[in-house]
Amino acid sequence: MSTIHSEAAERWLKDFQSDFSKSAPESSWLQTSRRQAIAAFSTRGLPTTRMESWKYTSLSPMLATGFRLAPQVEDSAALPYIEKSLPANRMVFINGRYAPGLSNLRDTESLILIPLTEAISRYPQELEQCMVNPHLDNGFSALNEAFWQDGAYLRLAPHAKPDSPVYLTFVTLADQPCVTHPRVMLFIGENAALTLVENYVGKGPYLTNTQSAIHLEKEARLDYLRLQCESPAAHHIGEVSVIAEAGSSFQSHSIALGGVLARVSLSTRLNGNGASCKLHGLMIGHGHQHQDEHTHIQHAKPDTSSEEHYRSILDDASRSVFCGRVTVEEGASQSKAQQASHNLLLSREAEADTLPQLEIFNDDVRCSHGATVGQLDETALFYLKSRGIGQGEAITMLTRAFAQVILDSIINPFLQEKLGALIGDKLDKPQDGGAKHVFFHG
Amino acid sequence: MNTAAHELDTLINRDYEYGFESDIDSDMAPKGLSEETIRFISERKQEPGFLLEWRLKAYRHWLTLKSPNWSSVHYPPINFQDIIYYSAPKLRDNAPKSLEEIDPELLRTYDKLGIPLKEQELLAGVAVDAVFDSVSVATTFKDRLAREGIVFCSFSEAARLHPELVKQYMGSVVSYMDNFYAALNSAVFSDGTFCYIPPGVKCPMELSTYFRINAKNSGQFERTLIIADKGASVSYLEGCTAPMRDENQLHAAVVELIALEDAQIRYSTVQNWYPGDKDGKGGIFNFVTKRGDCRGSRSRISWTQVETGSAITWKYPSVILRGDDSVGEFYSVALTNNCQQADTGTKMLHIGRNTRSTIVSKGISAGRGQNAYRGLVKVLKGAENARNYSQCDSLLLGNRCAAHTFPYIEVKNPTAKVEHEATTSRIGEDQLFYCMQRGLSAEDAVSMIVNGFCREVFKKLPMEFAVEAQKLLGVSLEGSIG
Amino acid sequence: MLEIRNLNVSIGDKPILKGIDLHVKPGEIHAIMGPNGSGKSTLAQVLAGREGYTVTEGEILFENKNLLELAPELRAREGIFLAFQYPVEIPGVANIYLLKAAINARRKHQGLPELDAMDFLELTKEKLRLVGMDEALLYRPVNEGFSGGEKKRNEILQMALLEPKLALLDETDSGLDIDALKTVSEGVNALKNPDRAIILITHYQRLLDYIHPDRVHVLANGRIIRSGGPELALTLEERGYGWLETAEGIPA
């Protein structure tokens, strides 16, 4: 590790430890878990570009910032950042803490949606099992484990299929550089189905270091929409890990619009026969934005299938990194994997790096991937112009169409429409940060 | 197990055909690596001073490096003090004046390899620079080439006779600081091939070198330098075999190609070093740095490789597309059977405007073979209208092998167009059955389908090589269907 | 020439053929008709030796040899040819290469010398005319990018070259327009001879307008439920398979 990394890691640890205050006394296993995580962070430190999986994303500029744990702020300060009419099933977190006044909880027999702190007192044994001896891949997950303050806990009973989506909104308001460590835990019961939206917004310079753990039981289905609309000065590090049991299906849309530097790692383990996933992603970059999406799909059992489709649209001096790894394990016969990465460069200063990767340990599979980097299709542009459409408008049309391909696969029509409008805004008026990028802004 | 699987298993167990050992007196350096070893080599080769200096710089740099561990291959640590860095056949006189003077045992060795020099000289019209262990023992057709102004000789000879060319170009594509094995090679390289094609000359015949590792515990560190001056063109063939041994042997070569304006270099390799036995004992570690530099506008460098041998193959023949409108190509077939591992691919570095590159990689994994394609396509800011197309296909035969694809695509210019496609599959049962219904044996059917899979690459090989490559593929595949 | 006795075949646990008896003499043309899923293609596949089918009972004799003991390629070399319903694509392998390899495998088996390139090419060109196929297709990869009609013609071309004793044509008419059907049929008719038997497997009668069978068998639910002369096919065309199945007490 470089000096700057180890110095930052030390300083962060010291500062976070002194800032950390518990709202209530914690059970001894939880204290143990936090201690283990701190120890893990001390050994692992922060990732550097010398590590293969961080080769294209340098944290050096970010590490110069002295982040402190985010302080508590008034709920009302967050109002401009969330929509006026609150849909049902909604949780809002401000600076890492649960905001009951802005939330609309559902706590029924079929759908339990409560803050994580409450879940710990309600289901201590279950959560102890999930949280003790965690598998900490890197410094960021260790930091989250060590310093998380709250998060969302959701459990959907077997066969339950609520009509309306669940919304989790994480707002960070920073005057001084600060950091939050939110957590999300989702358990989707057998043959249950849910649509969930995870949304990140905020103001000022901050770092969101978030972790989501998702478990799909047999035949369960989750449509997961992850919308990263952080403030233009924000950093975002997100980890999502999914375990999909037999016959279940996981569909995700990871939309990265905000932040100056954002990195999302999504790992999906197809853990039972016939499990499947469809991962979609859209990165839009302007200014000096750096969007990094890493995915790893593990085919662990027979008859599993995966489809993956990520796109990036890059203007100004922005940059995107896509690394999609697909592993087909020895026992996963009859598996199918398909992957595509398409990148659109709109400016001379933009850069796209893409690494579609296949690791195959079974001969009875069908896997393919494709990647392209380039500009808008000249012929299409010419065709539009020949029909009397101006250059600028033609470019906008084709750029939107390029993004629309990803949105088309969003099943919920309401979400699809809203997101379409949001992305249209981002493409048209990139420099408006913050409030403009609020999801469902009235 | 079905019939096809059965026959393939029988096939797999066939032995390495080229595993004999020649009984020839060798003049060897003592084991181990030190400045003394390097001085010994340099002195034996009567090298000019600048070369010794360069070797020593490379050695000192090498001492600061650690052996790399980033690829997907696995092997035990190599003891670099346990290798003989110089081994030359002892000749009756100083050097052979003609083929007749060459140790008959040596000639028989070449016969066994299927490349009798005389026959080739007479029939094939191929100029062969045969490298036996570390010293070039015979160069044919020299006169013919000399008339065209072409220099085609051993590296040592070039260092003595054309020091200005060597000094100007050696290390200009692969610096001695490039990587661990390139540094090692730069320090201890014992011989290799040098080729210079003067401006406007089209080399009238295919040039070829056969390398062969013979002496026990000897590493082979050859160095090849090919320069095509303005408007020149050359096609170069390299073929390799090595005897069977239980110990692993190291082969760390460096190949540098330089194409000036409008020049073309086509470099073809059929690599069939000893792969180890079916339990993974023995075999060559083939850690090679190969790079071409399209230095001039409209130049073209094309790598074609058929890799069926070696316990571990680790190489990325690359092209630096510096000149405007230059073209880089990489066509590869890599086959791993039994316990072989291959991590191979290419790097295409687009610097000039309108540069184009094509990558076609066909990986075949059988037995417990591990096959990885690793390739980089990098388009730098100034590379207006750069184009790359990559196609990487993997074929798996049997359920204990593995195939990996790791492309790296980095694009910093919006006018570039980069496309990459990859597939992984196995031989369809319906394809096998179809061929067998037409009367072909399972073995022939597999071999035919695999050859079909590799056709795009074989097409790029010179005719005689393509035939050899197809045969080799059949032999290497033996016993591998599941 | 071909003697099928009480042939029972299943895929996994599922019985497909349930006691087929069929006797084919040299020079005869038999048509096997039947609705989808009746087991027609299974019969063809089993005759050619495809894996994945279990013969649970019965036997198949081909020229008094036990066919079930022979590997698929040996059956082919003995003279059994299957024109596939869905001819397989083999990327990178030139059509002409497969043809040559197949012919020479057969010749070697018969103790004949391999054909040299010139003789082979001449022979192939002659047969190309017979099936009305474009010579360019010889140099393209096997069946890759061929139209439906081209694939079927290619099958008949292979048959013409390999000169089988017993040809099985599995739904060779499917996917062909009327002109293609005519040329393919003419090709087959040209290959009729007193030593060669042909089994046509088809769903529709229309192929039989062009190739006239000596015997027609109706296969339904894994059994031959009716055999007769060419007139049987006409009745089927008129009344459909329903009446037969009802008549035999088998639900349609």
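By written order: A, B and C. Residues from 1 in each chain.
Simple rule for what comes next: a residue touches a chain if its C-beta (ideal position, glycine included) is under 8 Å from a C-beta of that chain, and two chains touch if they have at least 3 such contacts.
Please read all numbers here as calculations on a predicted model, not as lab measurements.
Q: Based on C-beta pairs in contact, work out which chain pair has the most and send it over.
A: After counting contacts between each pair of chains, the winner is A-B.
Q: Farthest chain from chain A, going by mean C-alpha coordinates, please.
A: C
Q: Per-chain Cα mean versus the mean over all protein Cα atoms: which chain has them closest together?
A: B
Q: Report the inter-centroid distance (CA atoms only) between chain A and chain B in whole Å.
A: 44
Q: I'd like the Å distance between the centres of chain B and chain C, where a centre is the mean of that chain's Cα atoms.
A: Going by mean C-alpha positions, chain B sits 48 Å from chain C.
Q: Report, in whole Å, the distance between the mean C-alpha point of chain A and the mean C-alpha point of chain C.
A: 57
Q: Among the residues of chain C, pick out those that touch two or more other chains and give their numbers.
A: Expected reply: no residues.
Q: Can you check the complex and tell me which residues of chain C touch chain B?
A: 48-51, 71-73, 75-77, 81-82, 84, 87-93, 97-98, 101-102, 105-106, 109, 141, 158, 162
Q: Applying the document's contact rule, which stretches of chain B touch chain C when the two form their complex?
A: 2-3, 428-431, 433-442, 444-445, 448-449, 451-456
Q: Which part of chain B faces chain A closely enough to touch in the complex?
A: So the residues of chain B in touch with chain A come to 70, 379, 381, 394, 396-426, 482.
Q: Can you list the residues on chain A that touch chain B in the complex?
A: 52, 56, 330, 333, 343, 345-348, 350-375
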